[in-house]
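Structures given as structure tokens follow.
Look at the two complexes coming up: subunit A is in both, with subunit B in one and subunit C in the other.
This part shows the complex of A and B:
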């Protein structure tokens, strides 16, 4: 199960994820992103500190999001102080393209 | 503090403003007593309680991690209200020391490592504290308790239970157990297998081209030319040394460890050479220059062209050596099975030699290739080496990820490993698809002239397609990557076998040309300008090197690399190689293996290499 909490006001919005970001739950994140008024937003920060598990679909979702937002000129950050999840991001090489 | 008069004055002011019933200091003091807070203290290591006034707050005790607090026989971990201290017990904790060990067998079963762990214990005593409504109970360390040593007998017994057959290092076990320090020490070792001696070919003739000997007037000594590096019929050229198998070893459990089978190394001969004495000795059948061509030992005769190669002579194609006393003019092609020596210059021409190429004067434009098909083999070997290394890292990263506690693999069971592999290839291992693209470019230049080579090309192409575009999505399991790596390693070894003799290129001055050599490239004059070079061993440029791409397996040494304000100069070597110059200008791209950097400032007399993920800069000698 994935819990999504959107906080902050445009131009800077933070989306905190908790639980599991996997093949089943990526739609939940998609819906939360769709509901944002992207014309007003300049920066989106995804916070993964409360995430317990992530799978390849979850990583793929973050990459797609990063690429889609980059096209629209929106800055995308992945914030995380969860060591275990950070190890996964580094092993897969996500940190080489998305800033902390 | 206020005195009684002042308090009465304040109360008088309040009474005008409100209906409050307190009017005198006495009444205020009574109320203060009623409101007094309950308090707790620690005196001489014991808890003491002052009960609160009627309306006063009750005392709260805050436990910390160095004390154990029990209230009404219940262990308290959070702050709580204390009503009485008869049922309250506060005592400092005792951290119990511990000692433990573990025996770890290495993956190849050739050694057992003893890992010991000693954790110190600690006694604490309660810290006295003044009366406080919220009392934080603390304790301070009072005595360190050392852990027991480990009984070495226990370790030895466990080793015996494991049925160990190798040599046991009792002294090391004793030291590790008694040391009270965390240690990792090898305590049992197997006997490794003795490696085999590969079959090899001992060349006993001189394969290098004869040096061009001139006198003080630059005249060539033709008599010497005929004598040096020329064999007569019947001369022994090489011996074949048969392979010697290795000796099996024994692992720590007494199991035999087989050495790898020795490589036989094929003894292939071509024109002008005959095998005798049960195919173990190669002898010359004709007079000429011995050399390796396409992995075969041959003897070539020599063709001499006294003037220029131009439209008057036409293109030159000869299976042996070619010696040209003049120049090679625009658009002409020279193709030789052996060496090509040009006493003059080469202008926008193509030279393709099976062995060395020597150009005494200038090379302007055009292409020079020394080693023919072997150059392609060499490029293949270089790319395959990098690929195998990167694929191994990819496998390691994949397994680490799959076993990571925060990484869920449920979707991989549905989709297969390919989806994750595609992600890793796109993000962390971007060099792998790039290397496969390079591989395909090189394969295109290969001219497969037999079924075996054709099959190898097909195999390379089908493997490459798995790592390009959407190809990774077709991979069901990471085991396929391991299988691909093994295949590529075998192909690399096969192509390496073709590289028996390294062909060099030597030229005086070089401008806008493309040079490939299975051996080394040396430019002896003052400048190399905007060239493309690929060498199987080294590149040595005695003068300046401005613009262009220069790639060598072992090393590149330049006098001056780059120039101010010019386009980029790229210098590349394989991962164990180095790049040095007396002077590097800014904006020179340096690449060692897959690691790249661009010089930002001038560097003098230094050479760059890349080891263990870091750039190393040393003095150039």
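This part shows the complex of A and C:
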């Protein structure tokens, strides 16, 4: 199960994810993102520190989100202090992709 | 029936028919017999032509199939050697016969269907539940990496095939996972990219990082792929993985 908590006010919003981010949770994340008023937002921070599990499909969703926001000129950042999650992000090279 | 057999057969019919009607015509000496002779000649030549045309098509298709099979065998052997050398043995390609000889008689301890997206999570949970009291080295950090690999393999089945199953076997102190799908097999031409290139996928809408993650954490991986589907065998070495992660 994926839990999504949105905090902060435009122009800067933080989305904290908890639980499992994989192919099963695609809909949950997409719904939460759709509900945001993106015209008012300049920066989105995704916090993964409380995430218990992420796989390549989950990271794929983050990359798709980053690309969609970039088109709208919205800045995107990933925050994380969870070692197991960071290892998968590094293995896939997420940070290299979103800093391209 | 091939061309070599068909042509003499049609020729024999032709010679026999002409001989019969000519003899009949000589005996009766009528115009009707000569007309029939002409019609038979035209008919037989037409049939011969169509037979040759059809046989040529069939032979060409047969040759094409044989060439494809030979090309697949050649690619299989090349990739088998190259992949073994590149991965320093963690990854090996098996033929379906080799797979059956090695694992054909085995009975899994746990067999889980892979049919819908929710099965990705169900497989992780059920494998974790099944192994946590059976294997002493199934610690939180080790199980996290192993379940990540299982998740990647099961996700591939959901994304790219009509479905399959996950079989679990325990060998000594380690689990072994067989992820078996009913897809059309991996394209051998794309296999090296799929296995080693970050972000490569056979479909645009998926990221395709699964294999590099699997190769990173598994001590051995076997891949058996044919047009009847793909079988992926994952061998984690829990003790070595724990040492690598600093849990040993």
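We adopt the following convention: the second predicted complex is superposed on the first by the 98 of 100 C-alpha atoms of A that agree within 3 Å, B and C clash if a C-alpha of one lies under 4 Å from a C-alpha of the other, contacts with A are read in each partner's own complex, and residues count from 1 in each chain.
We adopt the following convention: a residue touches a chain if its C-beta (ideal position, glycine included) is under 8 Å from a C-beta of that chain, and two chains touch if they have at least 3 such contacts.
Worth saying up front: this structure is predicted, and the values here are computed from it rather than measured.
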Would you sort A:91 into first (subunit B), second (subunit C), both or neither based on which partner it touches? both
Contacts of A:63 with subunit B and subunit C, given as first, second, both or neither:
both
Subunit A contact check, subunit B vs subunit C, more residues touched by chain B
Request  = Using the touch definition from the top, say if A:22 reaches subunit B (first), subunit C (second), both or neither.
outcome  = both
Residues on subunit A touched by both subunit B and subunit C 20, 22-23, 53, 55-57, 59-60, 63, 84, 88, 91-93
In their shared complex, subunit A is touched by residues of subunit B numbered 397, 400-401, 404-412, 414-415, 419-420, 423-424, 426-429
In the complex, subunit A touches subunit C at residues 20, 22-24, 53, 55-57, 59-60, 63, 84, 88, 91-93
Listed in rising order, subunit C residues that touch subunit A in their complex are 117-118, 120-121, 124, 141, 144-145, 147-148, 151-152, 155, 158-159, 198-199, 206-210, 212-213, 216
Interface with subunit B, subunit A side, in the complex: residues 20, 22-23, 51-60, 63, 82, 84-85, 87-88, 91-94, 96-97
